[in-house]
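Right after this note come the structures.
Two complexes, one shared chain (chain A), two partners (chain B, chain C).
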Partner chain A sequence: MTNFIDYLLGGFSNGAVIALMALALVLVWRSTRMVNFAQVGQAMFTTYVALTIQQSTGNWVLALLVAIGAGAILGVIVFFLVIRPVKNSDSTGAIIATFGVLIALQAGAGMIWGGDPRGFIPPVDNAGLEFAGRIWPISPYDILVLSATAALVIGLTLLFTKTSLGLSMRASAFNPEVARLSGVRVNRMLISGWAIAGATGAIGGVLIAPASTISPNSFDILLVFAFTAAVIGGLDSLIGAVTFGIGTGLVISLVSGYSDSGNAPIVALVLLALNLLLKPDGVFGHHGARSV
Partner chain B sequence: MKFKFATGTVALGTAAALALATAVPAQAAEPGVTSNKIVIGTTTALTGPAAPGYKDVPAAAQAYFDYVNANGGINGRKIDLRVFDDQYNPALAKKGTTQLILRDKIFAMFGALGTPTHSAVVQDLNRRGIPDLFVNTGGASFDNPKRYPMTFPAIPSYVVESKVMGYYMAKDKALKGKKKCLFYQDGEFGENAKVGFKAAGTKFVTTTSYFSGQQVAPFSAQVSKLKSAGCELVVVFGVTSATAQLLGTSAKLGFAPTWMITSVGSDPSVLKGSLGAATGPLLKGAYVPSFLVPAQNSKNAYVSQMKVIAKRAGLEWNFYTYFGINTAYVLSQALKAAGKNLTRKGLVKALETNARDFRSAAVVPMVINSKSHQGLTGYYMGQYNANSDVERLTKYVMLATSSKSGKAKQATFRPAAPTKKLLP
Partner chain C sequence: MNNVKNLRTFPGNRIIWHAVIVGIVWLLLLVLNNNIDPLYSSYLALVAMYATAMFGMTILVGLSGQVSLGNGALMAVGGYVFALTSMNWQTVPIIGWQWNAVWSMAFAGLGGILIGGIIGGLAARLRGPYLAGLTLGLAVGVPAITNRFPELLGGENGLMLSVPYPAGGYAALDSALGSSSDSSSDGTVDPNSAVEEDQYAELDLSEFEQGADLDADLAPEDLLTDDDLLTEEDFGVGDQLTDDDLLTEEDFGVGDQLTDGDLLTDEDFGTGTDLGIDGGDLGTDLEADLDVGVGTDLGTDPAVDLTGITDAFDSGFIIERWQASMAIAVACLVAFAALNLVRGRQGRVWKAVRDDPVAAAVVGISPSGSKISAFIVSSLFAALAGAVLAQILTLVAPGAFGLGLSLSLLVGIVLGGRSSLLGAILGALLLVWLPELVDGLSGDRGWPEQITNNAPNLLYGLLVVAVVLAAPGGLTGTVRAWIDKGRGKTRSPLS
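Presenting the complex of A and B:
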């Protein structure tokens, strides 16, 4: 039983990070109706920026804030330089182009910071909490990550449902022509969507780094799991991305604990396939909201 | 009609004979060999997840070749090493190898890195008859002269390594009674280890694994499992980045068993990048098999000279540069032994007949003959000290083969002194 609880706790904190990346994917989907495979690359790049700030100033909060700013700016740059020119003529081409951006970012990070994995010092203690005579696989730092994820999803949900900015963003993504006729500045909304997604990914990168190491490719596997979570959650749903992001973390943890970890990616992909067969709009998706 | 057919045959035969006669001189000149140059190629990870550490290997080999070339080369020929960055990606390894063969027209492959990557090209290299020297992986499948007569591994296989670990754990008084557990990477790497431990008769209380890439997040489930099983000695068969995450997660969960880590998964210079100052205390006391003279043993004639070569080329002295220079040294001796009239067949023959006389910093015998391409045959047991240097624990070495059965055997081996000025 204690084993089961250990696996659950470990899965929760690992899943929170998958959830953050899935959130970023959903945000781009919401603003541009496309999947951004460069998301983990952008997050990796801004995490290196944060690492540089932290190493020179020793200030974690400053590092996080700079990463958020850099994430937003990088999102906008990617949108202007790559996505907008390509997407106008070919929307599938734009998705492929995001792979190109990913490779370019990885190569760029390798040139600037080198390929060796680097550690990131956590702002609060990362040792497991001692309780009832044993140490549990959840640390003060894990609690920080989980709270940040919860705060972010609540904040973003409010933004999209309660503010005119959020509603305009959704309208521009869903039907740019009608939105434009209704007086929404569609271009500005697309830019906002990419900026918010970039900033969210940046938070995810900075939060996972202390529990991991950063190298140009270290977040690659996250893309697979975040994408799975986002799709099962319905691609359009913030709460879906978070639920299934944490769910994916739990599946990996339980499979790794009770059987061979090699089965974990298989289980995740089987769940994705079942989901696409049985409920192709995603568990939290609205029917008819997507036309791909 | 019959007559006509016969003349046709004769004409054909003559043409074929003529073609053969003209083809002979072309064949005599081996690809990649001219009067003053030998072109060799390597595929390795200079970028990507496997690059840390390994990217230093070709640079170190190049440093040694520069040294040899500056001293007159090998039988009057200079070595020209072409490096292709495959990012540890089998598709890129395939592309790179084809490019090295067709565009660079290499004479031989040297030091290609990785089991999945090299598995993609090993058949093609053998089909074309290209010598495939010192493949840098412990994947046991490459020691198979019947299937791959041109292929020679650089390091003892993971089967050999796990047999050696099993032998030592059963023999050592401090380890014998401990509750033993296994942590491994899924795939051929971990499967090879399991074969060796089965042959050695090692019993594990529990085993747990990770998939390549999982080390991006803490190994909470795996460590919880090891901890609750009461493991006192954990054997680790994973890459260095996974070892870093395993040691980090274990520290987080207050789990501090005795570690025994594969020789390819514990490089301190890579661990320090991610674990920082915690590396020393976490790694201290960990057992690690090794086949080279300890790198910090500067009094050793191999270490001192190789260190100078690395330093002169501006390279850091670590396991990877040491290994790169040593492997290049062995290759140079093989090329020299193949003689002035250098051919691909001649190189393979030189390896199969002269390998035991080649000098190297390895402290285990090298076995290469027509029946076995094993190369280095075993390990001594080492242990990390407080400075994260490997100290040799056993005066003896433990030797084994990659076969599914048979345990490791204890032996003593005194390596011969290096050649003059470390030149082939």
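Presenting the complex of A and C:
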């Protein structure tokens, strides 16, 4: 039972990062009705930028802020150069193009920073806290990750529900034609969606990096987990992405704890397949995943 | 336009026509393979392997419109089935035929069909991004399964296949456990081990027989007793050695010492020819040994044909050339099947469902059936390509079948031309040639390794985006559009 509680607690911070990546996928889906498979590639790239900043200045907060800015800019660049020209002509092409971006970003990062895994030093202690006579699998850094995620989720929720920008974004996601007729600048809303998604992914990348190492391919598996969480959540729902992001993190932590961390991708695959088989629209979603 | 013409032709004509085309290409490739440097033969083998897998991608992505990243994982299925069947089932004859690589290839294909059917059944219910995500999970998850069963699948190190000889089957070694398989018992590959086993068997038998005889001959009175032990009394005092008995230098004459003159010189030895060590003699000796030692010992089993192996070595057997001819054979057979499918009724069914599933359903085509059949065909091709890759690498390991392989297949198919079989071949050429080109360029300019290693992928990524945006038909689609423009025709680049 203590093992169970330990594994469960250890899964929260990973789950929070998966939730952030899933959020980024959902934000892009809401703005352009497509899955950005390059999302973790963008996050990987901005994490390398943050790593460079941190190594030269030693300032983690500055590194995080630069990564957020870079993530937003990269999101907008990808949108303008790749997504907008391709979007309507060819839905198969749009998916392939995002994989092209992923391949190019990974190769570019490999060129600039090399393929060897690099460590990212956390700003606060990453060792388990001692409390009530035993060491718990929650470190001060995990608490930082969880509170940053919570702050971001609250911020996004407020943005979408309480601001006019959020209202316009929701309107253009819900029905672009009607929104345009009502005076919403739909194109700007799409750009905002991609920028916010890029920034969210960038935060996720910087937060997960100290947990292991960073290399051009190290986030591939995160893409699978985030996609799983986003799809189970319904691809359309912010709350769904967060809930099932953390849920996926907990399941992976339990599987890794009781068997082997190598099984995590298999479990994610099984979860995804079961979900697509039984409830393809996701738990919180209302758009059809099935075509036939 | 084309389709109408095809409808009018009797299908039998078309099949014969395709067979002639593929046969000529096959022949040309074999001639090419036998006349180029073995290094280029190994490139040829890789191109044929990629083309085999990408014919399946043409059907799945191009014609059926399903973006799949799972074909690398399906290649892993084929590769592992090939390795496991050739390792463990080599002694099993099927319908009286000795096990050989063709059987393992057949089983690899069956494995592909089975897994492809399961995934295709799931995939047919899903729209584009969902399918891409699910197959992405497959590409990441399937290699992880090898770690789940390290004893069977060799874990991270994979399974090592021994060098494939054309005459026999395949001897496979489990590199992870470092133990040789028990495939030598029928003598398909390793003559030495078979001979040794035979000798041991004979020795063991004779020893047992001798032992039995001795036991029978011994009578109780033959046993030694305490009385038989020697005591001090049995030795006289005079028998003991004294210091005087030690030899001194004087006992040796001076002349007895060896001088430089006594050293043996070259003249004392004959030259190599005197001892008969030359290639010809050795060769005949070995052949004689094989004939006597192997041929007679195993002569009772008619299926064992070791002369093929020695013949192959005598005629300068080159493994790269053999791998290339094997890969070409598979690619040509798959190309023949793909040509008939794509240019026949089924090809039109796939395109109809891709372009408008509702309209296709109205005219009596089952959209999900069409999608599943595309998945199964592409899985079969992928599995065969995986089996070929296993023979080229003589290894199956999770690293060889990772996400990178799946992405390469997607890149190749998009650059070559998504919906044409010729595009698959061009894409395969590009996948093999571009890294070599970059390597050559960087060798001349002294670029650092991390630039050289990543430059092909950077180019692939940028090219894929550029092609999707500017020329969705890829290389073949664009060229075809030019030709059509010259003729005053227009059609969709993806048709």
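Everything that follows uses one rule, which is that the second predicted complex is superposed on the first by the 277 of 292 C-alpha atoms of A that agree within 3 Å, B and C clash if a C-alpha of one lies under 4 Å from a C-alpha of the other, contacts with A are read in each partner's own complex, and residues count from 1 in each chain.
To be clear about the criterion, a contact is a pair of C-beta atoms (placed from the backbone, for glycine too) under 8 Å apart; a residue touches a chain by one contact, two chains touch by 3 or more.
Since the structure is predicted, the reported quantities are computational estimates derived from the model, not experimental observations.
Asker: Overlaying the two complexes on chain A, which is it for chain B and chain C: clash or fit?
Answerer: In the superposition, chain B runs into chain C.
Asker: For A:D220 in the superposed arrangement: first (chain B), second (chain C), both or neither?
Answerer: It touches chain B and chain C both.
Asker: For A:N14, select first, second, both or neither according to whether it touches chain B, chain C, the two together, or no partner.
Answerer: first
Asker: Which partner does A:S164 contact after superposing on A: first (chain B), second (chain C), both, neither?
Answerer: After superposing on A, A:S164 lies clear of both chain B and chain C.
Asker: Tell me the contact category for A:T2 with respect to chain B and chain C: first, second, both or neither.
Answerer: first
Asker: Which holds for A:M34: it touches chain B only (first), chain C only (second), both, or neither?
Answerer: Touch status of A:M34: second partner only.
Asker: Is A:A107 contacted by the first partner chain B, the second partner chain C, both or neither?
Answerer: Both chain B and chain C are touched by A:A107.
Asker: Quick check for you: in the superposed arrangement, does A:G115 touch first (chain B), second (chain C), both or neither?
Answerer: Both chain B and chain C are touched by A:G115.
Asker: Go through the superposed model and pick first if A:D260 touches only chain B, second if only chain C, both, or neither.
Answerer: A:D260 sits against chain B and chain C alike.
Asker: Can you check which stretch of chain C gets into chain B in the overlay, out of 1-9, 19-27, 37-45 or 289-297?
Answerer: It is 37-45.
Asker: Check chain A for residues that touch chain B in one structure and chain C in the other, and list them.
Answerer: Overlap of chain B and chain C footprints on chain A: residues 106-107, 110, 115, 217, 220-221, 260, 262, 264-265.
Asker: Quick one: which bits of chain A touch chain B in the complex? Just the residue numbers, please.
Answerer: For chain A paired with chain B, touching residues are 2-3, 6-7, 9-11, 13-14, 17, 106-107, 110, 115-119, 121, 126-128, 130, 135, 137, 139, 208, 211-213, 215-222, 249, 252-254, 256-257, 260-262, 264-265.
Asker: Can you list the residues on chain A that touch chain C in the complex?
Answerer: Residue list for chain A touching chain C: 34-35, 37, 81-82, 85-86, 89-97, 99-108, 110-111, 114-115, 217, 220-221, 223-224, 227-228, 231, 260, 262-266, 268-269, 272-273, 276-277, 280, 288-292.
Asker: Write out the stretch or stretches of chain B touching chain A in their complex.
Answerer: Per the stated touch rule, the residues are 46-49, 51-52, 55, 186-187, 208-211, 213-225, 228, 241, 244-245, 251-254, 270, 273-276.
Asker: Spell out the part of chain C that touches chain A in their complex, as residue ranges.
Answerer: 61, 65, 67, 69, 122, 124-130, 132-134, 136-138, 140-141, 144-145, 147-148, 357, 367-368, 371, 403, 407, 410-411, 414, 418, 450-451, 453-458, 460-465, 468-469, 472, 494
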